[in-house]
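Heads up, the next two complexes both have subunit A, just with different partners, subunit B and then subunit C.
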Partner chain A sequence: MTKLSRRNVLKLAAASSVLLTAGKGMVSKALAGSIELAQGGRDFNPDTGKERKAVPTVCYSCVTRDPKIAFVEDGRIVKIEGQPNSIRSLGKICSKGQAGINQVYFPDRILYPLKRAGKRGDGKYKKISWDEALTELAGRMKKLRDEGHPENLMYHYGRAKGSSDKLPKTVFMGTYGSGTISGHTSICEGGKWVGQEFTWGSHYDNWDFDNTDYVLNFGSSVLEAHTNHIPTAQRLIKAKVERNVPFITFDVRLSYTASKSTKWEPVKPGTDLAVILAMCNVIMRDNLYKREAFTYIRATENVNAPADEKIAALKTHLAQYTPEWAQEISGVPAANITKYAREFAKAKAAVVISYRGLVAHYNGTDGERAAQMLGMITGNIDNPGGRCKAISASWKYPKGPKVKPKSKKLKITNGSLSAFPNHGECQSVLKMIKDGSHGRPDIYLWYCYNPVYVNGECQENIDILSDEKLMPFTVTSNIVYDESSRLADLILPDTSYLERWDWDANVSPTQIPEWEFRQPAVEPLGECRNFGDILCDLANRMDMPLGFNSMEEFVKQSCEMTPVIKDLPGGGFEYMKKHGVYHDPQAKPSFFGYKKEVKADDLQKEGVILDEALGVYWNWTKSKAKDEAEAKTLGYDKTHSSYKGYVGQKFGDKVLKGFKPDKVNKTGYFELYSTILKDKGFAPMPSWKPIPEHVNLAKNQLTLTTYKVPVQIHSRSTHCKWLTEMFHDNPAWINSQTAASLGIKDGDMVKLTSEIGEVSIKAYVNEMIVPGAIAISFHLGRTESGRYASGKTSPMGSDNDPDLKLKWWDTYGVHPNWLIANSPDPISGQHRWMDQVVTVSKA
Partner chain B sequence: MLRKSQLKHSTEEEVMTINTTNDRREMLRVTGAALAAAGLASVSLMQPKEAQAAAVSTPQWVMIMDLRLCTGCRACTVACKAEYDVPLGVFNTVIKQVVTGKYPDTKRDFIPRRCNHCEGTEKIGDITVPPCVKACPEFPKDRRIFTTADGKTIRYRGGATYKRPDGLILIDNDACTGCGKCIDACPYGARSYNQRKLSGKDKTKNAIVKCSSCVHRLDEGITPACVNTCAPGARIFGDLNDPNSQVAKLAKEFNLLENRDKTTMKPEEKTMPNIFYIDPDGVLANYSYKKEDKLTEYRDIVE
Partner chain C sequence: MEENNSQVGSIYGFLARIFAQEVTSDFLAEIRTPQFRGVLEESGVDLGDDFYSRPADELLEELVIEFTGLFIGPGHFLSPHESVHRVREDGDHGKLWGADTVVVKKFIEATGLRFQSAFGGMPDHLAAELEFVQKLEERMTQAQAEGEMELAENLDQIKHRFLQEHILTWVPPFLDRVIAKTNIPFYREISKLAVQFLASEQEVLLSTT
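On to the complex of A and B.
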């Protein structure tokens, strides 16, 4: 509490005594009457009342990236709030965003470059200088490049976004000449994207809850964990409560989202697809579809089929999927399936939402295609209140030297088991390296990623990363000493997101783009340096300057190049530093993009040709066709990468933008019938496929479901004390009937066995999960990441957090990935997080 | 804490403009002589309602928790942790989960909790106080003045735990001996010892902490930290005495004041909470806890 100095007290006393005797109030800000409290934007020290310095920035806890304000006091971030001017988040952030402070100040943070000083994996490190670290790394990289094998530098990144995605992946790796790059999307939601790429072309759907009248949810925990969490969650719950919008959730578990829904419909794992197909059948059978939508739908081999023929074809295809049939498979009552289908189709605007509960399965790509179908046949695609194509701000950025080497690449990033790994096959990368038949990287560099922990088959990941013959040199940039950092030969201490520069953007729930800007709220702790800065330094050391020397310069140049931003008052960079976000106040929400006509001029451009059979206008020069003659002979659908030249689709006598492809050579129709899938031996229309491993399970074999809780980020938050204090134990959920049949009581230790491994875990017997399933959350079971996460001190961990003495938990939970096979969906390569069968017994 | 000592000498100007309680207390302590000279040393301890009768209007700060909207995200919990640098083991606001029913008709609900800032029904002198204030051996102590927005003043008494005329129940650590009687007295378990802070008067004891409704923000016209971050808008905060406020409108719409048995926590304790719940599904009725569990009640665990 404030102690007033003697001088100050006397000053106050003199003033107040006069005021008191005069019977008047003192100067103060006490509030009464119709005072409207401000929502936020300012904060004060509760003890001293001193106002805290506000720095606009953007969250980077999860991929949502809510704009926010960091409040700083004496050079330390003490509080974080949402950015009140953001049209995406409306000034709100979640628990993880609030705990961003912990991402900076956790006592086990890596603060210095560390070099391995023992056997790989035994945790011995020595502190080295930046110069020593970068001299060694640049030396190794330069050698590979100069010997003509840049592809032997592999860059594997996780959820790097915005400028922290482009600088390393596009600019640095492009200038260096290696295309051996893998993301992590297949262990996230890649199957959802591939399902969308086959139907409406590009990926990412926005759900327009502000304007919807009905919500069907297949396996999304949108209220607790989603890639656009805060922007969408608040709009959904308000739609439900304030406008009585029905909101039906199909889920294996009574998730937070399911519990706040109008109705939770428990569904057996991997059977949502059956429910959606039956709903589509009801809608077609009962003639509740929107006839106009069939103008834009492809439902037959013949692209030019009239609407009636397409409608008939879809009716015929779906007729087999009756609600009664779906009930048998999914456990959802047929009457409810029929009811929801009719309500959905009749609603003025309705939205079908989906996530990993639907897509992280063997049949997940068809699950997403079916969800797209449900939206499209009822006219609920890219419309107000429906499932819309994502709108996000785009940035221009400096791309490095004009002349770049032709990129070389090891073919190890797409696995070998899926037909359309449009977003790679992250979980197969280490297996491919072990296999070796497509080469092995000499340097494995990972960022924003924890390969040991976030893929399935943890033990194999450890074995491969530990093997110096398979992985000669391992290096990461990180803030935390996690399970994978432990296997790095060189650890470069990164800045937390509150100590760095970035431009950024994510999908807007209002269909109006918002530009976002991250800037350091405080100086980096210790000797931490941003990964982007390090890459600039490495590039200079290898005599391949990128045209900028730091992430700050990269971001500044981007601000000066980006059309909407560069002319903002005071200049783009200064404007964004001051305001943190920008959107065009005149902008109108974007809907029905597919109905826009292509300009006649665009059809006359050099290289644009018409594939008459398909009605697609495309620019062959952007494809891999050798010449126009070859392009015309092969046609749009058979030319490699023809989709890159897509211009428009003929619908009758008009040429419209249609559903523009991305990644596959689909037409501009909304494809419910895919010849591309058919050619690879898959059903051309969304069709039922049971999960092979789920057929004929024994009584003690349960299906493992994984999930996220609202207070942890997937793998990047257990070092945050305020989050782990609330969630540090994750017993396995088992339905009471299932538990009784196996003789398991609440709190019993149970043994779970799969073909991959075995874990022991406490049983949480409850009424919140479908019989036959067992659910274990992600986040926990950390073996590293510091004391709050695992009880283990990281190398060079400090004791400078007084809360260390008050830590009251000594359980750290169990990680399900030790049991889960790295098995992809055969279409998309999506990791099948929800399909693993485990044998359960009392431990 | 480091932060406090660094700021010790830097707030002279701010102190003048903030209606924080200890500024007033410090001030009044030294102006005792002036008060006595003006014949004002013995003043009545007016309550908000009494103040109104005297044509001095204060706000009556209330919070309404809309259980239909709360999604259990715990942003409020962490916002509060950060705002006050609350130590591990202590929570000033939490979300409690209530699970009822048998599969597949199971229900899972969330109840946000924090100090109820109770009106109280027991008297000390002329004023009505909640159990924590009643139990405080260091109340009533110093004389204080509350200044309303229209410049009127209300006299009231401070203490280690005391009630401000706008209804806030506050702690003045400088006056606190850390005896813990308020912790035991609170029927809601809302108070805890702060293991990283000592009590003002007895350095062998720890300070006591609880929700202050972010009085330091309120007095600057900013909503509390938990309200600021609540994405669904489940926490609605405002002045019940302002008929145009959202809380007043909601109180009317949902009969929150007339129906305290259903809209407040533990009505049988007759504490008259200033936290109300919009609870059409009767979730509160399914939520029970024992008084002796109070610390675990305020320890948040996510299932």
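On to the complex of A and C.
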């Protein structure tokens, strides 16, 4: 047969194309729609060809909560993929998201209610019925409430978001009457949020990588472990690869993020603040600032100071922070500091990003304030391509009975060592309980949290939680028998996130909100019950019905109440079940919210008054003022909780929304000068503060720094075999020069001691960490959490996982928290994860 | 993946059109243009002078009758469906809407496409399978133009898989039977062209795998 040449094929193709175009529509086609391969959404068993059921849901591995799809075959989840219709994740998920299957089927999972049968902590439990468990718990709770001490029920949560945050915290605890509630933000990034609350108001910053031209990164592992990881990481990579956007990372360690950056600038621990201050100085000194930004900036005691005065004040304040001075402190070359500052200021749009590397320090709150300053003086705040105020979907939800008791609380959640613990001081809770000066809870209930493991001073945590005199009754709802479950009197088996209902939402990387929905992909294993369902049951047993009897009902009612959702085709609940995500296709990205004018009507509303000295319009009825006269006498800044009534800020002859305050009574200006901080004895402007413990260190004293890896969740994933197979050992990183000076070679065992404790760990000697620092990751050193995590079988763990025979690792790593003091940043209460000094020697 | 390969989508479209239904007067007019004749002849397709000189109505009548006799019936016709012609080891073949029909349907639908509600044929009809590859090629061209190289690679792999698992397993021998059976040059020559084209596609496939 004649062979068709390539040339002829191409000619024929061109002619066929003309022919098909000419004869368009002359024949009906067989196929419709378009190929959407990149978006997935359907799956088939490769052997049988049988289609798998696709269930839209939302991840709950880390706080990012990427929308995704679980594929179910014969009642078992077999695969997880990203949700193609999500405008946040764009259909992508990470390894932790894919390993969600392990969260359901790991062999050491708690499947039945367990009651302690021996001494607390000795691991003896008996299986009991749900009725038995909840009868006992409801009985204890009811007794406290009926005796007038609901505050003696303490609820402590870790990862709780969306409806899994609101139902327990706001509805259940609100109806019960206890305000003794603690989260975990201070061991995460509380200092960052407080830094923002002092500058631009309500917390959380989105980084608009889609539109940026320059990125400065201070201590964020944005490409591996950020709180909005997949949505932001992919956009940053795209900006760098497709547009060659410069991306400079300042970090103690060559993280994966640093390695993918245009430049890694090694910086000594706790000195990023010095670098930022010097950059701001260069920008002000060289007149590279955006003059217009100073309209909205407060930089002086006098709120109404003209722009020139504010500029002059800031110049004067920053003049001391020269690049050469910063080089001396941080180790970053002065020439580079100057170069980056100029490039940042001159870029059309630039974004400064930050996380724990900047904020988990003694000077962390000022570090974040300084980062905010760098953004604002260059016009890179809330603008396309800059650091933006977070936009997220808003859900309405049923709040339980209208009439609720006045909440009582034990003052044990904010510690005693920080001035503005706006997000609590969770690492101090157990210490406060031990101290006892402010009372102790009779029932300590924790959820999705591991107080022993995730805070510093592990041994003290164990000692306190083990002591039945200090902690009379301990209860947890959990899927895994971890270091803290071991000390629970009652363990209530929770559903994994793939077996439960939730409404949810997280910050949008594009400034357009997305509503997200979690639903059970499969029935709960064993006798597991969702924590929300348990609380509804407990409420009914205590004769305080919440108005719904399950998390499913709560979520359904929320869908019917939420304006954007309720009118979706087929009804909001059914729509979200089918689609998993929703965003308004007509919505435009939200920028420059602070420049919007307040409606004249809003200034005339009852209770709204003007503080003439500050130019703040506020509604005194929302504050703690007794009456209008008191509000006027005290003024906006001195009235308790006046920020809750903030309406707008006068800028010249206009009243704009400004930078709306949250948690503190700041004005509507972007405050680089804070009278609130000044009144508490802190520097009003972001200012250099050295880490006290880092001054005059001996040769064998190193600064311990901590980090996360991309394939583990902080403390909730080592039971996942796919993840732990990838990461199950964490030798301590030490710079080769430092190691040589201490006689340490790669692979040596080293002893680390602090005032808190001692650990032995293998040394990983390299050049990827600054001299004088030592780095140990989180995640590992588990003493419980099942065979994949610790080698130990949990009570009632089963052998139903054939992969147990394939487990090849017998190293479980080392946990740094045994060494780290529960010490807060004096401003925010942020846990100082990166400040601990340890003495290092060969073991 | 060869960049030029994406241009062959229109050949799949042309062939899909040939085997989807009988020739219409519009389509016939397009085929008989001197430009298209030139291209066909360069490719070795000789439809004969008669094809280009006969009155259109008369030729059309002959083509329609031949198409019906070849692919629709009654009598001994060649059912243009994979499940009829492709021999399976499990014996589940030789019938309409067989095991391979289901496999093809799922394969095509898994890419996001669906069958037109007005499409009365079966998913493994020769024309539907060719049209599927045409769609893959078109999307590949678009992906390349938009710089979505990962998607383009993915589409190319799917096309290769579909050719290997389906079209190449049954279409060439099926067309050989058409060539042997038909009484007129048009379906014989076009079928020969299709066989040659699929052989060239197989060559590309083998050179890239």
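By definition in this document, the second predicted complex is superposed on the first by the 804 of 843 C-alpha atoms of A that agree within 3 Å, B and C clash if a C-alpha of one lies under 4 Å from a C-alpha of the other, contacts with A are read in each partner's own complex, and residues count from 1 in each chain.
Criterion: a residue touches a chain if its C-beta (ideal position, glycine included) is under 8 Å from a C-beta of that chain, and two chains touch if they have at least 3 such contacts.
Quick caveat, the model's predicted, so the values are computed rather than measured.
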| item | value |
| --- | --- |
| Which superposed partner A:P585 touches (first subunit B, second subunit C, both, neither) | neither |
| First (subunit B), second (subunit C), both or neither touched by A:R42 | both |
| First (subunit B), second (subunit C), both or neither touched by A:V241 | first |
| A:E51 touches, of subunit B and subunit C: first, second, both or neither? | both |
| Chain touching more of subunit A, residue-wise (subunit B, subunit C) | B |
| Subunit A positions touched by subunit B in one structure and by subunit C in the second | 1-4, 8-10, 12-13, 16-17, 20, 26-35, 37-39, 41-42, 44, 49, 51 |
| Subunit C-touching residues of subunit A, taken from the complex the two chains share | 1-4, 6, 8-20, 22-23, 26-39, 41-42, 44, 49, 51 |
| Subunit B-touching residues of subunit A, taken from the complex the two chains share | 1-5, 8-10, 12-13, 16-17, 20-21, 24-35, 37-51, 73-74, 76, 78-82, 89-95, 97-99, 101, 223-224, 230, 233-234, 237-238, 241, 254, 256-260, 264, 266, 709-711, 721-723, 725-727, 729, 735-737, 764, 766-771, 802-803, 806-808 |
| Partner subunit A, residues of subunit C touching it in the complex | 4, 7-11, 13-14, 16-17, 20-21, 24, 26-27, 30-31, 35-36, 39-40, 42-44, 102-103, 106, 108-119, 121, 123, 125, 127-128, 131-132, 135-136, 139, 148, 150-151, 154-155, 158, 192-193, 195-197, 199-200 |
| Subunit B to subunit A touching residues, read off their complex | 2-4, 6-12, 14-20, 22-23, 26-28, 30-31, 34-35, 37-38, 40, 57-59, 66, 68-69, 71-75, 77-79, 81-85, 87-89, 99, 101-104, 106-110, 145-153, 166, 172-174, 195-196, 200, 212, 214, 216-223, 225, 228-233, 237-239, 241-242, 244-245, 300-303 |
